[in-house]
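What follows is a set of structures for review.
Here chain A shows up in two complexes: once beside chain B, once beside chain C.
Entry: the complex of A and B
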């Protein structure tokens, strides 16, 4: 009984964006990506020449372009949530829609990049570098797709306006998830495309 | 609601854990897994050397897998409290769980088949062993469906207080995501994504253990908190 009362009332007045449970997912997810990144670095250290040669075949312009797309969309999400907090529903909706457009840009670039590799006869089993390249970027891509669905939900809520506390929690939760997708890419991009 | 039968079903779970650990791990010695890169002679040798260990181990694995059913049923019973009627997520979870049991039972019986005549052509033992490992370790969709159904139900809970803590819902989504890399083992005989690899075997195993313990504890609390209604004896 006591536990329930404590759960229902926030113990501290510090604001957690979204809700506490979501952060278990976010931190858990980042922990796992951290493990994947460590395994990548370990394998890279076993065979640096192969990894360097294969890395040189990646087009880092695509990676850089996608970094810009995700950073811009994260920024737009921040602006959109702030607008929603001030009840500027139309503006919030437009900003979040633009953030989704950036997400769509990321997806398009990734699809072009994957198809170029596959046309060049490079796949998951070509070598260890490409195994990590496809799996790490593929898992991240999957996160982006889920994030697009989340952003679509945010657009709907923003357009309608915040009417209850759970609306704001969903807006902040979705935004936090999207920032996580961004952060993961910011680590993934130098690791796969740039690391010397 | 009959709390006692729910508790009996729930306690089937640790019993399952013990049986699977003894059977699959200690007796059959399938953990750590035999290498996916091993040839027929090496794999056949494992079955010849440990024939009875594998036979007894597989009996325990089959018995333990059956005990997963009541545990899955308790999860669905508690999800049904969240959902009301019709409890589609509870059904989805139940079906996912049922398929999970099948993907343990089938490889257990294929390993049994291999150990039934260990003197047979090594190529056939290799085939049975490959099939068993791929079925048990790569079939990701039942567990993913199960976890997503549980997660959606928990996050949709309107009860005050909720039946499960909300973070358990997010944990289920996290688990669903972590089981996905196992689906790639069809491509690899070595490395982290092969059936004995860090990211396709050990990580899902640890994640399953975390999920199993969290679900057990939160189910136990949910059952104990459940109001006694309809007991008229």
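Entry: the complex of A and C
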């Protein structure tokens, strides 16, 4: 059965990773974030000094570290899905668990960063920059939490092994969602921490 | 495991990590560029690098390279659209 599931997807055939419905959600989510990114740059242009001063109080090392965490997590998810497709269930499970650990690393860094800001008396209402900072990173953080739940489900499926086509669709769909979280952070990093 | 690691995906991951380090360095050193438009050009370059990274993740990790063309096209349009919007809003207001 497992072999037949794998054989059912020749590499040369164009294939939607996961379900089409999930991709409508993923692209819709990305569109909303894209609009937020544009609104941020528009408001930044109205008061560049304030945005630059506020940005200087952020620790870009945290932003870079979190980018590495998400990129590494995404890479491990790809390796995990490939292992699951080859019915290497134990290996797939371990790789996806490591991906979750990287996700936990991202969450830890973000919690440290938020707590530092809150202890310094900085919040959502401090100024326009911080309003955007907390809304954009907060929305992204929420997506990371959902992604962690998705990764936990992928771990369970990977450990059990792919027994039906819907298992593969769930694995691919969950992975695509997690990569979307990565893609959004790739833009958020220069937007909030680096641009001059 | 070693066979899985020795894959094109691993090369993509290394490139993504190196580009992240480069963007971080650019963000820190752009203020010291002598040319008056240096920081602005560095910022534009950062977003071009971000677009390149987005495409690397989309095409390779999200497997859109092998997805139906309309799906790949929508993703590519999102990346290009976001990059153009950010760069234009930034450049024409900073100029």
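Note that in this section the second predicted complex is superposed on the first by the 183 of 196 C-alpha atoms of A that agree within 3 Å, B and C clash if a C-alpha of one lies under 4 Å from a C-alpha of the other, contacts with A are read in each partner's own complex, and residues count from 1 in each chain.
The rule is short, and it goes like this: a residue touches a chain if its C-beta (ideal position, glycine included) is under 8 Å from a C-beta of that chain, and two chains touch if they have at least 3 such contacts.
These numbers were taken from a predicted model, which means no experiment stands behind them.
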Clash or fit (per the criteria above) of chain B with chain C on chain A: fit
Chain B or chain C: which reaches more residues on chain A? C
Examine A:82 and indicate which partner it touches, taking first as chain B and second as chain C; both and neither are also allowed. second
Tell me which partner A:190 touches in the superposition: chain B (first), chain C (second), both or neither. second
Regarding the shared-chain residue A:179, is it in contact with chain B (first), chain C (second), both, or neither? second
Should A:34 be classified as contacting the first partner (chain B), the second (chain C), both, or neither? second
Taking the superposition on A as described, I'd like to know which of chain B and chain C A:119 touches: first, second, both or neither. neither
In the overlaid three-chain picture, which partner chain does A:16 touch, first (chain B) or second (chain C), both, or neither? second
Now for A:91: first (chain B), second (chain C), both, or neither, which partner does it touch? second
Considering the aligned complexes, could you tell me the closest Cα pair distance between chain B and chain C in angstrom? 14
Would you tell me which residues of chain A are touching chain C in their complex? 11, 13-17, 23, 27, 30-31, 34, 37-38, 41-42, 44-45, 48, 60-61, 63-64, 67-68, 71-72, 74-75, 77-79, 82-83, 91, 172, 175-176, 179-180, 182-183, 186-187, 189-191, 193-196
Touching chain A in the complex, chain B uses residues 160-161, 165-171, 173-174, 177-178, 180-181, 184, 187-188, 191-193, 198-199, 203
Quick one: in the complex, what on chain A touches chain B? 4, 7-8, 19-22, 24-25, 28-29, 32, 35-36, 39, 43, 124-125, 128, 131, 135, 139, 142
Parts of chain C lying in touch with chain A, wherever the complex brings them together: 1, 4-5, 7, 9-10, 12-13, 16-17, 20-21, 23-24, 26-28, 30-31, 39-40, 42-43, 46-47, 49-50, 53-54, 57-58, 60-64, 66-69, 71, 74-75, 78, 81-82, 85-86, 89-90, 93-94
